[in-house]
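Take this structure first; my questions come after.
As written, the chain order gives the labels A, B and C, with residue 1 at the start of each chain.
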Amino acid sequence: MTDLEEIEAIKRLKYRYIRALDCKEWADLGACLATDCRTAYGDGRFSFEGRAAILAFLQESLGAATRISSHRVHHPEIELTGPTTATGVWALDDVVIDAAAKLTIRGAAYYRDEYVKIGGEWKIAETGYRRIYEEMESRTDTPSLALTRNAFAGAGVAP
Amino acid sequence: MTDLEEIEAIKRLKYRYIRALDCKEWADLGACLATDCRTAYGDGRFSFEGRAAILAFLQESLGAATRISSHRVHHPEIELTGPTTATGVWALDDVVIDAAAKLTIRGAAYYRDEYVKIGGEWKIAETGYRRIYEEMESRTDTPSLALTRNAFAGAGVAP
Amino acid sequence: MTDLEEIEAIKRLKYRYIRALDCKEWADLGACLATDCRTAYGDGRFSFEGRAAILAFLQESLGAATRISSHRVHHPEIELTGPTTATGVWALDDVVIDAAAKLTIRGAAYYRDEYVKIGGEWKIAETGYRRIYEEMESRTDTPSLALTRNAFAGAGVAP
């Protein structure tokens, strides 16, 4: 593979990780992580070691059908540091809607990741981000604000 | 062309389609679509067949100078499935401001597209998205909220 | 370098420029600009010539720790126009939070850039954007809205 093909594969890994996260597809998310992956989300406040611990944290934080997340990663600056290692810097935008608590959290950050190629497939070896800003507001401040669509709302969860 | 060049060309097609949509450049938008293109926007609520029907729907929905849209597509996962066929998954963020009705609609979704190469040019053969969430609010909830710039505002449309 | 490698290098330049801007890393931002760079930000309202004048404007506009910016560029349409020249069209989303004035400004735009390769490195030769829309609101309209994280807040700046 050429360097550009490796870089495209690493971008794809990150996109799949985010898609699995926001779609709450936990097995697929796990497949994106090295078994000894380490995280330092939220300026290091949420630091975990190992795929199982990371998955447990993410499922607890974002598993509920009333907890809707939309992460978006941009501006990839990927560096190949060896045949099976790479680093990446990404801009992050994130929105988390807690429909039960009637809260919205929004923010911007920069991810700094490390990747490792295992058995021909890139995996996330380390991931974490530092906030540029984060803000929170009650959704009751804007009386008309209505969630008109929630992919995870089934019986008993509105909408 | 190499696979990466094909993928870059498909990304460019999608970017041109979105730019034409948000800039209300309907002829350019039409040129992005196969003549027998099919859509399933909004979880299939907005399903159309054929370039003419799709253009009619988009112009009716978003043609007004008081209806400002900003679509953003991210996280491309493009697969070449043959020499002239490909699929694509994209994350979508969209904002629609209806300055007349004083409404803002925002949301996130995942597109699943099919592309076809006709006469050396990639076209959108099928496009549609499933919502992660959508929300709507009245712009009058936030009394100070002012539209300070609208590219489409001419005589008689404020601002 | 292949055309795709040149295009990747130009994208990386733009991402570094935005990262330097939002992280207030002015020396790094300056290194992204040709010395005779020209700007036409904000539909040409903010037009400057020369790296020094541009940096002075950006630092004055966004230098304060209470002025948080988050620019995001998307949908790159890069054209190589010669061995050392290129053009680029980008979609922009931007958020500026003025924590002191308690204002948020948000908007969407399209950048049209020119790039030049000098001594083997791509630089921004010309950059400017035209707004699709811009809106402004007082953060006091939403009483609960709180900035919970600001990367630039040190002693005496909340939060």
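In this section, a contact is a pair of C-beta atoms (placed from the backbone, for glycine too) under 8 Å apart; a residue touches a chain by one contact, two chains touch by 3 or more.
Nothing here was measured: the structure is a model prediction, and the numbers come from that model.
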Angle of the C-alpha superposing rotation, subunit A to subunit B, to the nearest 5 degrees: 120
Chain copies touching (subunit B, subunit C) - same or different residues, decided at half shared: different
Whole-Å gap separating subunit B and subunit C, where each centre is the average of the chain's CA atoms: 24
Residue list for subunit B, restricted to those that touch at least two other chains: 4, 74, 141-142
In the complex with subunit A, residue positions of subunit C that touch it: 2, 4-5, 8, 12, 14-16, 18-19, 22-23, 68, 70, 72-74, 95, 97, 141-151
For the subunit A and subunit C complex, residues of the former touching the latter: 4, 7, 43, 74-77, 89, 91, 93, 105, 107-108, 110, 130-138, 140-142
